[in-house]
Amino acid sequence: MSTLMIARRPALAALLAAPALVRPAAAQSGPIRIGVPTAMTGTWAALGAQVVRTCRLWAKTVNADGGLLGRPVEFLFEDTQGVPANCLRKAQEMVERDRVNILLGLMASSEALAVMPKLAEWNALFISSVNGAGSITAEHWVPNAFRSNISGPMGARALALWLRNAPQESFFSLSLDYAWGRSSVETFEGLLRGIGKRSIGSVFAPVGTRDYSSFITRVRQANPQALYIALTGDDGTAFLRQAAQFRLFERMPVVTETVDMLFTRPAGDAAIGLVGGSRYSFAFDHPANNDFVQRFRAEHNELPDTYDGEQWQACQVLAEAVRKAGRTETEAVVAALRDLEMTSVKGPLKMRACDGQAEQQGFVVRVARREGIPHPAPEVIATYSAAEVTPSCRASSFS
Amino acid sequence: MDPLALLTLQALNALSLSALLFFISLGLTLIFGIMRVVNFAHGALFMLGAYVGVTAHNASGSFLLSLVAAPLAAGLLGLAFERTALSRLYAREHSAFLLVTFGLALALTEAIRLLWGADARQAELPDALSGIVFVMDEPFPVYRLLLIGAGVLCGLGCWAGLQRTRLGLLLRAASQNPVMTAALGNDVGRVRAFVFALACALAALGGALAAPLLSASLGLGSNVIIDAFVIVMIGGMGSFLGTAAGSLLVGFAQTFGNYYLPELALGMTYVVMIAVLVLRPGGLFGRPE
Amino acid sequence: MNLSDPRLVLAFIAAAGALGLVLPAHATTLLTEALILCLFALSLDLLVGHARLTSFGHAGPWGFGAYVAAGMLLAWQVPLPVAVLAAGALTALLAIPVGWLCVRTGGVAFAMLSLAFAQLGYAVVFKWNAVTGGSDGLPGVPRAGLGEFLAGREGYHLLVVAFLGAAYLLAWGFVRSPLGRVVAAVRENEQRAEALGHDPRRIRLVVFVLSYFLAGVAGALYAGFARYVSPELFFWTVSGHVLVMVVLGGAGTLVGPMLGALALFYMEHQLSALTESWGLALGLLFILVVIFAPRGLMGWLQAWRPRRRDA
Amino acid sequence: MTLLQCRGLSRAWGAFRAVSDVDLDLAEREICAVIGPNGAGKTTLFAMIAGNLRKSAGTVRLDGEDVTGLPAPALARRGVARSFQITAICPGLSAVENVRLGVQARDPLRWRPFGGAARMRTGEARAMEWLDRLGLAGRAKELAGELAHGDQRLLEVAVALAQEPRLLILDEPTQGMSLEETRRTVELLRQVMAESATAVLLVEHDLEVVFALAPRIVVLHRGRKIADGPAEAVRADEAVQQAYLGGLG
């Protein structure tokens, strides 16, 4: 049983080698190489750390019982800092130097959008494990691209379905002025109309905003019955902390498209009461999920967060497709992925052929103080069927 | 919320942002004023201050102690860096400093990631500081009032230090004419070491004060440096008064800009910066080189 | 063996071209990107090395050239070489008003003004979703009108080598031309330059426009290379990066910055492949290089011969 | 034909009137020295004439053309060359390169962005001639910044002469030079003035040099012109002696 190998192929040898370095035919015998060009340093480092630790845990688990198709799984990690230019370079290098034809775990949506047009040229396939931008499986979709994770619009849809029987009527939206923020608010406002509620305005803070006081004052001035925010990472933490200091949440509940412990934990008590869609929750009671949570706590003695769960699911989807295809060539795995049905950490899942989007259940969670957990953590308060939360083929909105 | 309350609230918001920006840019203008050096590592030092502050606060339970620990740690690091690297470069061109501080920024950012890991860190404010006070029956955080107070206090303290004390005289003399100051028997090398350490300490103090608002995270460094550059440029490089004015100008421009025309906010700061630099290359209060 | 002898440098560039045909696929791709960065560093050296105008905003023309070329290639499928030259020309056109405002100042004020313009470019590109695709950028930039070979990896590599060689000759010729000598005079002593009948501001503007032209060409070549442009191209870290390449290589020698670009690109690539904390290693390396190699790599390489500063 | 015609030149900083109401005419090929105690306004007067300093009042006409408002580069292009009180040369370039820039200054194609290699060579040869005449040929390849102070002054004179100007302004050219260098400079200046149509305006404290070179002397005192005429007459003039020569016989 070969142990887990994280190959760091120094490019030095390759670049200086006069005759092209002949790579052993990896196709059928050697390890199954999976490329993960993600943000290990820089502003996205915390998210990248979750992707990397879960890939390592999954490889360890799979290799412990014989690997995939009898071959060990090997992840190649490269740091992109969340910058599309770096991601392109690293991904191309993995494809051309290390004969990688499977890419997972890209961090920023802009990185995914940069890599996707090249998949055909590289004859490689890409499974988005954490990217939320709706356009990945809509106008920018390309064959060989799939998405196992819940998209931004799907999260907003689940939230809207929960809000149908919530008392609040008027909503105000706050997000950052960039692609994900704008599409998230747009989708949410569309869904509000669908459930007979109204949006009384929205504001987009410039990227890099650190002080949210003027936006908190604006929300208070608009005085909605509920506030929708599309903020994550450092921005989410900063807003929650500052809004709590202004006692904003005593006036109105706040809801969000996706609740990650990544930004609710550093917000501390300020996050209690936050309701939102969830792309993955450790609290979802399901045998496959409980097994994963138990393994994760054994390895890291902390609860898996959004990006851990979604990366594990992406690996599960890939494994299922490879087993179904019986080999790892791109065309075979892509064919296997189309209309693939399986059970994942989020319950039943079906990879749609027409746009590669995984049809799966949607969850709504609330952050609360829970016994046995040192910091406020989400609990599942509603689940919605795949049919209810997944947009139609190649669409990112719900007509 | 009636318009007057709104205006007062926004003014207080702007003042608290200006105070934060003042702490951030003070260290940068001090270094530039005295040593004509642009410190690329300023953002990383600010981030270091946030991390050390949060860790000290959680360890000791006292927020005040974190406001001492952070500047101390960064000051010592600054002193060590100045003695080992910077002191060899004073005879060299500006670009040497730029590259050395760029190197320090890269190394320090990665060192922080290795020491504290990738996740954001935070500490809960003590109850005394996390309360609110009602301004025209609208809640306003006590912590932000403290920030404004600390900003004014630190501003007066630095102004008095520079204008009223012998050390202040020495610093100003060294900034205008290092050769002559040295000729008068002062060890300009030690003055520069002290100034660089003090500037690093101030950057870290800014970080420690910002931590309760932002929590300590790896993204802190890169955004802060741009605001600091803008303020120091608008106010006037090396001019203490200019930094205070620049902080207020940018604080109010961002707060009210974000409120009334958020669409243009991102580009507006730079338009203001270009206008000032074109009309007065030395900045509002600085003296052109 | 004088390292800045143009014939030697052109041979060096041609060798890089030939190497690209031999190396394994991914190594060629890396080399192509490195050569584009050489062109970018060369463009900045005209400003920093020859006019002693340290710019903190060289990502401005780089990003602008990339977006103009991407727009032309996506919208009208203009042949790539035409798009690259047109992008350079438009960047040079933009450089006239921008330059007129920047060159009236010097030292740090110039650095900050150039930084402000580049950040303004970042803000505009970030916000103008309809045209620039906002934060998602413009994916799928076609290598139009190049035909089968040139659009391929080796072909594009040779195209970049050709542009780099031409740019080097242009810069080398300019530096030695009568106007180039006047630029040196303005750099050395403005008062003397005025007494010789030259308006320092106008002379600096000429260098500024030429530097922005080459930076625009480099950006456009990058757009064709990566087939993707995003606002990050304008960010200040890119300006910091290319400035480090110039200073690391040795400002004012045209060849030095190109060496600096290769060295920095290669070090970053190697270190990030070997360790996650490549930032720590690279940062410490910069500090050591600045202290022990005062005039950068070129200074170090030519250490045994006193440098003649007629360049 | 009058080359230079200054009428009512004045310059004041607030209340302090550095130069007040000075008229000065200079014919082609005429050599005139301007003397006066320190602070008499000599350098200020020259700065106004050469366009380095804006005038508070007065007009300057060169070859009949009103050049009052023109900046220094425009005047330089009209044939005015000068050296400065504080030596202004290009320290990072070699001595011969400095002088070659002087030769290039009057070349119509001086701003060609490419080529011009042949022009460069002839320019450099011409520059070597000037360096030779000033005894600096030996140090042609050295960086100007590394030359001795006296040599740098010589070099600056060479650069000005290389421009083959119609009006040459020299601001204390021999200040800081050794006796030998001063003698060589005076000899060269006299030779150049004889050969070419260059008019010279000279500021100099060393009276031997003044009387050796300048047939005509203008005396400034507290910004006003108190004497203007042939050297002998001025030497005898009562007011000049009283104000400047301190009653020297």
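Note that the chains take the letters A, B, C and D in the order they are written out, and that residue 1 is the start of every chain.
Just so we're on the same page, a contact is a pair of C-beta atoms (placed from the backbone, for glycine too) under 8 Å apart; a residue touches a chain by one contact, two chains touch by 3 or more.
This one's a predicted model, so the numbers in the text were calculated from it and none came from an experiment.
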{"item": "Chain-contact steps, minimal, separating chain D from chain A", "value": "2"}
{"item": "By mean Cα position, the chain sitting nearest the middle", "value": "C"}
{"item": "Longest centre-to-centre distance from chain A, chain (CA-based)", "value": "D"}
{"item": "Centroid spacing, where centroids are CA-atom means, of chain A and chain C in whole angstrom", "value": "36"}
{"item": "Centroid spacing, where centroids are CA-atom means, of chain B and chain C in whole angstrom", "value": "32"}
{"item": "For chain C paired with chain D, centre-to-centre distance based on mean C-alpha positions, whole Å", "value": "43"}
{"item": "Residues within chain D bordering two or more other chains", "value": "none"}
{"item": "Touching two or more other chains - residues of chain B", "value": "109-110, 113, 222, 226, 263, 266"}
{"item": "Shared-contact residues (touching 2 or more other chains) in chain C", "value": "126-127, 277-279"}
{"item": "Chain-chain contacts as defined at top", "value": "A-B, A-C, B-C, C-D"}
{"item": "Parts of chain B lying in touch with chain A, wherever the complex brings them together", "value": "1, 6, 9-10, 13-14, 16-17, 20, 109-110, 113, 117-122, 124, 130, 132, 138-141, 143-144, 210, 212-215, 217-220, 222-224, 226, 254-256, 258-259, 262-263, 265-266"}
{"item": "Complex interface listing, chain B residues touching chain C", "value": "32, 36, 38, 40, 85, 88-89, 92, 94-96, 98-100, 102-111, 113-114, 222, 226, 229-230, 233, 237, 263, 266-267, 270-271, 273-274, 277-278, 281-282, 288-289"}
{"item": "Sites on chain C touched by chain A in the complex", "value": "22-27, 29-31, 33, 126-127, 129, 134-137, 139-140, 226-228, 230, 232-233, 266, 269-270, 272-274, 276-279"}
{"item": "Chain C residues touching chain B - in the complex, by the definition given at the top", "value": "48, 54, 101, 104-109, 111-113, 115-117, 119-120, 123-124, 126-127, 236-237, 240, 243-244, 247-248, 251, 277-280, 282-287, 289-291, 294"}
{"item": "Residue ranges of chain C touching chain D (in the complex, touch as defined)", "value": "173-174, 176-182, 184-185, 187-189, 191-192, 194-199, 206, 308-310"}
